[in-house]
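See below for the structure under consideration.
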Amino acid sequence: MSDFTTWDILRNLLLAARWTVLLSLVSFIGGSLVGMALLFARIGKSRGGRGFVRAYVEIFQGTPLLMQLFLTFFGLGLFGIDVPAWLAAGLALILWSAAFLTEIWRGCVESVAKGQWEASSSLGMGYLQQMRWVILPQALRVAVPPTVGFSVQVVKGTALTSIIGFVELSKAGTMVTNATFEPFTVYGFVALIYFCLCWPLSKSSQILERKLNVAHRNH
Amino acid sequence: MNYAFDFGWLFDYWPVLVKGILITVELTLVGGILGVSLGIACAWARALGPRWLGAIVATYVELIRNTPFLIQLFFIFFGLPALGVRMGELEAANLAMVINLGAYGCEIIRAGIQATPRGQFEAGASLGMSRIQTFWYVVLVPALQRIWPALSSQIVIVMLGSAAVSQIAAEDLTFAANFIQSRSFRAFESYFVATLIYLALAIGLRQLLRGLGWTIFPRRAAR
Amino acid sequence: MSLIEITEVKKRFGDNEVLKGINIDVAPGEVIAIIGKSGSGKSTLLRCINGLETIDEGSISVAGAQLLPDELHLKALRLKVGMIFQGFNLFPHLTAGRNVMLSQTVVKKTPKAEAEVMAKKMLERVGLAHKFDAYPDQLSGGQQQRVAIARALAMQPIALLCDEITSALDPELVNEVLSVVKELASEGMTLLMVTHEMRFARDVCSRVVFMHQGRVHEIGPPEKVFANPATPELKQFLGVIH
């Protein structure tokens, strides 16, 4: 039917998968930085800050990622910039990841017992000192498994950027399908590659969580 | 930025939007009900069923949870016809949502089942109930109650994820927004309105599920 | 003829032999107290009789029928023998009345109206008719345990197994449960109960079984077992209790 061998298909997909990986990394790292800033505002003293982050999370968790991608893409376009798809994709995914990571981490910080805050303020520590030396180190241990788990959502989320024209694994899948007319094989491979990217992350999140639970039980 | 926002098109295109909303709601309803049912069956298989069945279900769950919904959709709609399985956009969209929620629901509900005190199973058994009867009449409701918040969040996530079905031309809310922007050339406004509607749907769905929880589970869960 | 025949029963968990050859015959209407140190295998014995654990050797028969570990035989057995647990194990999502009705409608396929009548009657019997519509978490521990007794009675068993049914209760709630059991005993119900209530055992039981390290160490009428313990182990056990 075509001059594409199975290997050709796979090679094209793997090449495109590099962009999926890169976009995932950028989104996850960027999302973590923004999410950390939001976290401080969310658990901080300023009411305005807390309210802002609450609304931010509500909006990003209450609307489809696809819509966020569209709005970023066309919204940036309103400024007269000719927006490359990668920029809109990266920006939208960073903002989206930040919302979820903030929520996850807030739960972890709140799981640190109240007595810890009281004890550390009774020692005369300021807010930032408390966070730096008492709260975050404890929250961090709890935070690792769900954070790793969320990275899977980021990788899967990048698939939607194909819709605004970013050429990554999913887009490549559609392009190769259009050239080969073998959707079953092509999308099968695409799914397989995603699985190979995501499964190790899922698994390590599970293992980390189990370890954490065991450690807790031994306390 | 010298751009004038214009929402005038809303007057012309509201029937398109309404149809899109109805389809998104239909997808969510069917996906939610069948997806949770599938999730319950799978959770039973993994927690209490025969080992071979549990292994098959575990494979299904891992496959779904580690691949994007969009690709599952494409595989069902474009890939399966190669095996002679052909279906319309809406059927494919529904099927993909059920399969997707079934996998996530399975893991959530399984956690609820596994938190059941052993005494509940033993009480059921000592009264002469079979294992299936004990699961159905004794274990299931408190298990669902334990994980209802997590399950509700997952249903909302699946509803929001349904935006992707526009990519196989299922005429949901996102499809409507695409259609409107292609006619009115008001891309940002179209998607903005659609986004607001999604937000309202998400908030409404969350309230609905909370209310449903209150009616299904009149009492606190055990321990 | 014996109602329950326990013959040379052995039970192992891994290489830990918990029951090392138990022999007890229970006549209809007998009330038997099983006493002994924690870990001596009392619970395991009751659980074996109810088929919650499978035995490794020996045999158990109830009303002439052998206990076999398939679902059909187990169900038949459990229709004859009810069990009450230390932790009540009421179903938290059902009212007291529904707790009592459930197994009748599901297992015996009793019509709902009939099951409801029976549930009311059984709750009445344990003094809780007015709590028909209460959920377990609205009841005290003693009330919950009495509902559990009503639930078992509704299946019209010929014998009841009770595993430390007052151990999880606050002291002031113990008597309301024991008096229900006493009532059952006087009506001729066959009872096998693991208990730490020595006075109750002495007053109500026809025989006392002292278990020690997976064996029946001493068995006899309460006057003899309590007044003249034959073995140093029982002497020590009773000494600790008193």
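Chains: A, B and C, in written order; residue numbering restarts at 1 for each.
The definition used in the following text is that a residue touches a chain if its C-beta (ideal position, glycine included) is under 8 Å from a C-beta of that chain, and two chains touch if they have at least 3 such contacts.
Since the structure is predicted, the reported quantities are computational estimates derived from the model, not experimental observations.
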- [ ] Sort the other chains by how far their Cα centres are from that of subunit B and give me the top one.
- [x] C
Open item on the list: Please identify the chain lying most centrally, where each chain is represented by the average of its Cα atoms.
Closed with: B
Task: Mean-CA-position distance for subunit C and subunit B (Å) - done: 46
Task: Between subunit C and subunit A, distance of the C-alpha-averaged centres to the nearest whole Å - done: 55
TODO: Provide the C-alpha centroid distance between subunit A and subunit B, rounded to the nearest whole angstrom.
DONE: 21
Task: Contacting residues of subunit B [partner subunit A, same complex] - done: 1, 3, 62-63, 65-72, 74-75, 78-83, 156, 160-164, 166-167, 174, 177, 187-188, 191-192, 194-195, 198-199, 202-203
Task: Residues of subunit C that touch subunit B when the two form their complex - done: 50-52, 71, 74-75, 78-79, 82-83, 85, 87, 89-93, 102-103, 106-108, 135-137, 148, 151-152, 155
Task: Residues on subunit B engaged by subunit C in the complex (per definition of touch) - done: 117, 119-120, 122-123, 125-131, 133, 137-138, 141-142, 145, 217-222
Open item on the list: Quick check on the complex: what are the subunit A residues that touch subunit B?
Closed with: 59, 62-68, 70-71, 74-75, 77-80, 152, 156-157, 159-160, 162-163, 170, 173-174, 177, 182-184, 186-188, 190-191, 194-195, 198-199, 202
